[in-house]
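The data blocks that follow each hold one structure.
Okay, so chain A shows up in both of these, paired with chain B first and chain C after.
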Partner chain A sequence: MAAETLRLLGAGARLNAIRILRTREQAILFTLTDFAWHSGAMLAPILVAIRFGHIGGWPVAAVVFMLAYGAVVASLMDAFGDSPWFLSQRIGRGQLDHALIQPQPLWRILLTDAFTPFDFWPVLTLGLALLTWSAVGLHVTASPGWLGLLAVNLLASIAVQTAFLYSWGCLAFWAPRGAEEISSAAARLVTQVSFPLDPVPRPLRAVLVTAVPSGLLSWLPARALLHLPGAGAADVWLTPLAAIALGGFALVLLRLGLRQYRRTGSMRYTDFGHRR
Partner chain B sequence: MHFVRAHLATVRIAAFGPLADGLWAVVPLALRFLRVLILLAIWPTLIPPGAVVSGYRLGAVLTYSLVAEMFSAQLNVRTPIDAALWTGAIATRFTWPMPLATQYAAEMVGEWALPMLLVSAPLLLLAPFLGVDPRPASALSLALFAVSLALAIAIGVAIDMAATVLIARIDLGPWVLDAARAVVLAICSGAWIPLALLPFHLGAVFDWLPFASAASAPLRIYTGTGDPLPLLALQAAWAVVLGLAARAAWIASREKVALYGG
Partner chain C sequence: MATAVELRGVRKSFRRRLRSATFAGLLRDVARPRREIVTALAGIDLTVEAGEMVAYAGPNGAGKSTTIKLLAGLLSPDAGTVRSLGVDPVRDRVRYVGKIGVVFGQRTELWWDHPVAATFAWRKTVWGIPDDVYRRSLSFARELLGLDPFWNASARELSLGQRMRADLALALVGEPRILFLDEPTIGLDVLVKQQVLEAIRTLNRERALTVMITSHDMPDLEQLRARIVLLNAGAIAFDGSFEELRRRLGDRRRLVLETDAAEAPALPGASHLRTEGTRHEYAFDAIVTPIPELLATAAARTHLVDVETHRAPIEDVIADLYRDWRGR
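Up next is the complex of A and B:
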């Protein structure tokens, strides 16, 4: 099972390299654009932090750490392409059938069929460089245990975002036309909030770590890893626990959705389909 | 008369279009509430009450952020033309008896209706409960804001057409330019953060760019943090220059439009 997954990931990487080599100018342009997108998203909060010397109780280096953490999460997810995360588009556009007829389990197709590891290394490099720079600036002792917790939290943040996108994306099983773009709307909902959330009122903060868990994608794990004021000793495990809970919820919705899909199928190409 | 009716019909169709599939269009709008609530919570930690930072009191910054969110679509003008160019939907639009730029501008205006109703109006009503005084600096500021906003939209449409010309001439995907425009919006336009509050005196440079005329200028007039006459004069100059340049560039480029969609 693992060997077949690795083989497909390798095929994706090979195709990615071939595309870059054959369309050099466009590939460079796309890579630069993606870099500008992610670095630009980081720049506004960093500029505010530099201007005032802090945001809430967060010094500039801590703000940079938080944003770099978010950039690493985003770039690792981007390496697997858009298609695994935007489930509602696949359902609404009738493309889920393309996956279901292949001689592979659905999870493996979603995980491997858009794997493009060479498109996003500049953002990943930037994120890792800024993580290192800010950790050094904050005198963080990067012991193996701390690095392990960092890795666990990064994976948990990816799992949280995946679970959130799938929970919303599953709605397209019941409303393939109306909810076709709900995954991209959900992605915007969780990824465009990039300030430390400590000054935010408690009820809103509760929303931002549960129903719309953008706080779990960088703010809460960064605060816990840096032991900033307000972080409890156990906070470093909150994001992994949330990942398990939200992942379970998304899995239940996905199974219910697939059961519904088995009954209805895709309307797209029927005579009355919305894409005709 | 027919010309006006055609545009009004386009506005009406675009206004109700998002509701054709039910209330799903409401979900993305939730993001705007979250974004403004976070900004409104962060400013008081940076600017203490009574302090003046680069000409801004806390109250002015909060009003600036709230009004920026209420008019976010007008301060970051995006017509549907770039996506239509890429998907091929623009092909049939060439046959419509209306100029391409104005038919897409009309469609854009229609698309403003739902967010205005579901986000801008509630934000205005909720402002006192959020600790924000939504009133303009004076009655004159409100009147000049309306003029400035109209100029900002005109500049925004010209910038959007210029981006469309680039897509057509360099064969770019619209999302490629979107990335650059998102960066510009976040930093250079003042649509999120007042330019005067940027470090290294960046704001003094950005103030002269068309992006500031498309977003920062009306907000500064509304909050009374900028001298209206120079701001309006600069906006008018950018509107004329960019409008003429974008029109000339489009006329020279429309034969190069290639469609891939289907």
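Up next is the complex of A and C:
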């Protein structure tokens, strides 16, 4: 199963490499602007933290760690392209049919067919570099156990965002046109937080780690991994647990949605439905 | 001969939401949504043997594309059974779709921003096609459909005809056992259409590939010399050869008279279609009104300069049939 997935990721990587080599100028510009956008988004909170020495009790290095963690999550998701996350567009544009006539399980197609590993490595590199720098600055003991927990939390954050996007995206199974853009709207709703959420009122914070789980994409895992004030010993497992719960919910919706799709199919095919 | 496709009592209907055109009506629709049931397939039985070519035709909304989608594993029937290559296309989707080729005329399987060649290489990986089968089928498909001139062009740069040839070739890579073609000639110019149809005939004749093709273009389907299945309102209205269909519908003919008068003479047993100058065209059924009898009547009523008779185009025959169906 893993070998087959890697083989398909390889096929996606080849397509990505071909596209970059054929459209070199565009690809370079795209990569640079993406890098500038991500760096710029990180810079503002870092400058605020430097100016005041901390944000909400978080030292500068911890703020950098949180932002770097978020950048790694975002860049890893971007490496798989838009198509796995924007399910509603696939449904609304009649594009899911492309996936269903491929002799592969749907999850593998969604995961691999827009794999673009060469576009987003600068942001990933920046995120990893800042993650390392801030961890050293905070004197974190990077034991194998801690690194394992970091990896589990990174994967859990990705899973939380995926589950959130899929839960909303599945609405398009029942309203293909009306909900075609709902995945994009959901993606705009659940964005990385730029500042630690500790000073935020408790009820709002509760919303940001449940209904709109932006807090699970960097803030809560960073606080737990760095053992900052307010973090309990078990908090490091909160994001993975949330990922399991939300993932299960999204999976049920996806199964119901696919059953609905088998009943109704896709009634239209738009110009935006070409394979890209 | 083995059975390739078997549909038994297949029913499929869709719910369509009705929407008003007025503001008050739209408000009513919000409070009390109205829906109607559209029956795409009303319990059809169909068997296609391996190596057979079946032309699947019918007016818009007859259920052609729904059948192809059922057979491609994209839809489930409401009732009845769908078996293709001995399996249920939905339940055994992953295993099954690797053995079929599907082409939808109005969409493309080519990667839009990539060279045609890249999509083929991608398909080899995703379909898990062994090297020898890939080399053999690719070389055959490239030659059959003449892909070399645009092999390295991006799909977005291709003309509609080139795109369709590439899509058809893509479906052939991996040597599928059945080819489902949904409107593959839609929008193509005459030359490309001929090339695509000839390729489909070659595949069926020389490779014994089972082909199921839908089209609105009856002359295209007649040219394939396939078994024709005509659908009407979700039911099979005819299943047989084109010759049999013509026989069943009568021997519809056209008579063109060149006379010395601008007024078309009235001919009992023939209906006047059009007049251009002194040239008058009629439609008639040669079984009901024999040609010698009609010509004798014409000669008695006007001065004939020239006479032509020919079979009515299959399109006209089918159009008459569709009109009959709608009128019922």
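Just so it is clear, the second predicted complex is superposed on the first by the 267 of 276 C-alpha atoms of A that agree within 3 Å, B and C clash if a C-alpha of one lies under 4 Å from a C-alpha of the other, contacts with A are read in each partner's own complex, and residues count from 1 in each chain.
One rule holds for everything that comes next: a residue touches a chain if its C-beta (ideal position, glycine included) is under 8 Å from a C-beta of that chain, and two chains touch if they have at least 3 such contacts.
It should be emphasised that the depicted structure is a prediction, and the values quoted were computed from it without experimental measurement.
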Per-residue contact with chain A, leading partner among chain C and chain B: B
Footprint overlap on chain A, comparing chain B with chain C: none
Residue ranges of chain A in contact with chain B within the complex: 29-30, 33-34, 36-37, 39-41, 43-44, 47-48, 50-52, 54-56, 168, 175, 177-179, 182, 185-186, 188-189, 192-193, 195-197, 199-201, 204, 207-208, 212, 214
Interfacial residue positions of chain B with respect to chain A in the complex: 21-22, 24, 27-28, 30-31, 34-35, 37-39, 41-42, 44-46, 172, 175-176, 179-180, 182-183, 186-187, 192-193, 197-199, 202
Contact footprint of chain A on chain C as seen in their complex: 14, 66, 69, 72-76, 78, 90, 93-98, 102, 104, 106-115, 118, 121-122, 125-128, 154-155
Interface residues, chain A side, partner chain C - complex: 4, 7-8, 10-11, 14-15, 18-19, 22-23, 94, 97-98, 100-105, 109, 113, 262-267, 269, 273-276
